[in-house]
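So, here come the structures, one by one.
In the two assemblies presented below, chain A is common to both, partnered first by chain B and then by chain C.
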Partner chain A sequence: MVVTARLCRRHHVRALLLAVIRIRDRWPIPQRIVRIGLFGAAIAIVALLWKIWSVTTSTPTGLCAVLNGSPFTTFSYPSQVFVFTAILAYVAGHLTSRYVVEVRPELIALLGEERFERIGPVLVVKLFATGSLLIATILNVYEARAFTTGTWPITYFVWCATAASPLLALLGAATFSFLIGRWLWIPR
Partner chain B sequence: MPTRGRIPPNQVVAGLSRAPHVGKAAVVLLALLLVGVAGAERTGLVPLISAGFLGFAALTATLFLLCLYDLVISVLELRYDPVALGASNRFRVASDVVQEYLRWLSPLGFVVGIMFGHYFWQ
Partner chain C sequence: MDPQVADASTNLGLLKVGIVVFGLALTLLAANGILISRNSETSVGHWAQAWARRYPMFALATSFFFGALIGHFFCDTWNPG
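Here is the complex of A and B:
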């Protein structure tokens, strides 16, 4: 609670608002388009959540062929296509990150130093890193337990989704890998 | 130094913030967890696939504990040791040679991980 209260202090919010204003100054977008865009994004998110929910609840009986309690693993593309697409997207993410650093070298600073010296952003980054690792641990333990108890693990849902829509799955893998390459393979 | 109402620097927090042997303890913990998972798999307590996921869980759990330690110390510094605020070099590697290799940890981990995960996933 104390940490949350500190992070939500007014000057932290002000920094965020200033950043948004700076973006708007640089790329002025008509207010109406922003509102329509936000409204459309909200509808898209709700539709996506509904779709994920309906697909997830119907998957074990509906979307893909199931044999002995698990989905088939034959997909439209060879699995190597997914692997190499993910690797290429990861490298592409890194290259875009490197390009930004070359064009705007003033963005480079270590956490806790120079432009990132204030404790607020440092704590936010540490909080995100800690939370992400906690989620990753919980998911791995869930997966291990699911394989032991016989309930559908996340892996089966992903197999099923890939079988149902391989192109979207490929796009999802590429997008995820691109972001990982962009954020986690940091240029010097 | 004026503390502006803060509690004066605390020796325990100052000592902890220097991270004495935390990295070594994490390596030992990770090794123990992995040995435990391997033992459970060998004795038949856990199937091979679950053991694989538990191995990754051991890795992420160890990293989580390290991050949690860092986060807690940072929050304590905020209260007890404002001089150390913003210090990001708690786990900084001093050696330039090692740092050069660390740069490649992310791509290497991604490529090896996705290859390994791909065959494991199948």
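Here is the complex of A and C:
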């Protein structure tokens, strides 16, 4: 109770608690199901992290075609295919967002206004954006440090995954670029 | 220096990780954008666009960052021949 009261005095946490309470009132999911779901999600996350760890720790001992300690960068497709496909997908994403705006003009609103004014989703979006940028910063620091310490940077793992399936890598890069163009290159 | 061809199962393990982590997330986001938009509701993408309208400089910087990231991963400036 004391901890909750102290938390409620901090206005930014209070808004988050109110949003959580409203979500619980709107969708009264039984506590048992919530706990089972959280437990299952925790197990799934641990299993995924174990899988990632077991694969990545074995990679530097002989992964892809290794020369001078770094993987080959020769794939089935030239690098220009990946880059220009990503650029085209980025532009295509923007064009599809222009079409959506023309069909549904009610979606032209800032975060926190009109259709996007519900405090719960607004907080979720802001938390997700902040968390994503933080994770990107951490990964960039790791990438820079990996080059200086001699460990395998993230780039080498991406190259090796691309070597395993260039088509899927091309598809993933195109899909990611499409979503970035659709979400972040906003039409006026 | 002789190149060492790695065990194909290791590459396949990395591919599985990539499919699970990124492929599933991208598929769910794309499906959400397609299915929800058809029902006149707001999807994850609509909220992302609203965020980008409110913070256009952040959106521009994030787009530039991810574009540079893809260029960093796939621009081949070294070829062992």
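Following the convention adopted for this analysis, the second predicted complex is superposed on the first by the 125 of 188 C-alpha atoms of A that agree within 3 Å, B and C clash if a C-alpha of one lies under 4 Å from a C-alpha of the other, contacts with A are read in each partner's own complex, and residues count from 1 in each chain.
Going forward, a contact is a pair of C-beta atoms (placed from the backbone, for glycine too) under 8 Å apart; a residue touches a chain by one contact, two chains touch by 3 or more.
Worth saying up front: this structure is predicted, and the values here are computed from it rather than measured.
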Exercise for the section: Using the superposition described at the top, determine whether chain B or chain C touches more residues of chain A. Expected result: C
Exercise for the section: Considering only the touch criterion stated at the top, classify A:123 as touching first (chain B), second (chain C), both, or neither. Expected result: first
Exercise for the section: Look at A:180 in the shared chain and tell me whether it touches chain B only, chain C only, both, or neither; answer first, second, both or neither. Expected result: both
Exercise for the section: Determine, under the contact definition given at the top, whether A:155 touches first (chain B), second (chain C), both, or neither. Expected result: both
Practice task
Answer with first, second, both or neither: which of chain B and chain C does A:97 touch in the superposed model?
Solution key: second
Problem - chain B versus chain C as contact partner of A:88, first or second or both or neither - result: neither
Exercise for the section: In the overlay, answer first, second, both or neither for which of chain B and chain C A:145 touches. Expected result: first
Practice task
Check whether A:134 is in contact with chain B, with chain C, with both or with neither, and answer first, second, both or neither.
Solution key: first
Handout entry: On chain A, the residue positions that both chain B and chain C contact, one per complex
Key = 73, 79, 82-83, 86, 90, 110-112, 126, 129, 133, 136, 155, 177, 180-181, 184-186
Fill in the blank from the handout: Counting only contacts in the complex, chain A reaches chain C at residues 48, 51-52, 54-56, 58-59, 62-68, 72-74, 78-79, 82-83, 86, 90, 97, 100, 104, 107-112, 115-116, 121, 125-126, 129, 133, 136, 155, 157-165, 168-169, 172-173, 175-177, 179-186
Fill in the blank from the handout: As the complex stands, chain A meets chain B at residues 2-3, 6, 73, 79-80, 82-83, 86-87, 90-91, 94, 110-113, 117-119, 122-123, 126-127, 129-130, 133-134, 136-137, 140-141, 143-145, 147-148, 155, 177, 180-181, 184-186, 188
Handout entry: Sites on chain B touched by chain A in the complex
Key = 46-47, 49-54, 56-57, 60-61, 63-64, 67-68, 70-71, 74-75, 78, 85-89, 103, 106-107, 110-111, 114-115, 118, 121-122
Handout entry: chain C residues touching chain A - in the complex, by the definition given at the top
Key = 1, 3-7, 10-23, 26, 29-30, 33, 37, 40, 42, 45-56, 58-60, 62-63, 65-67, 70-76, 78-80
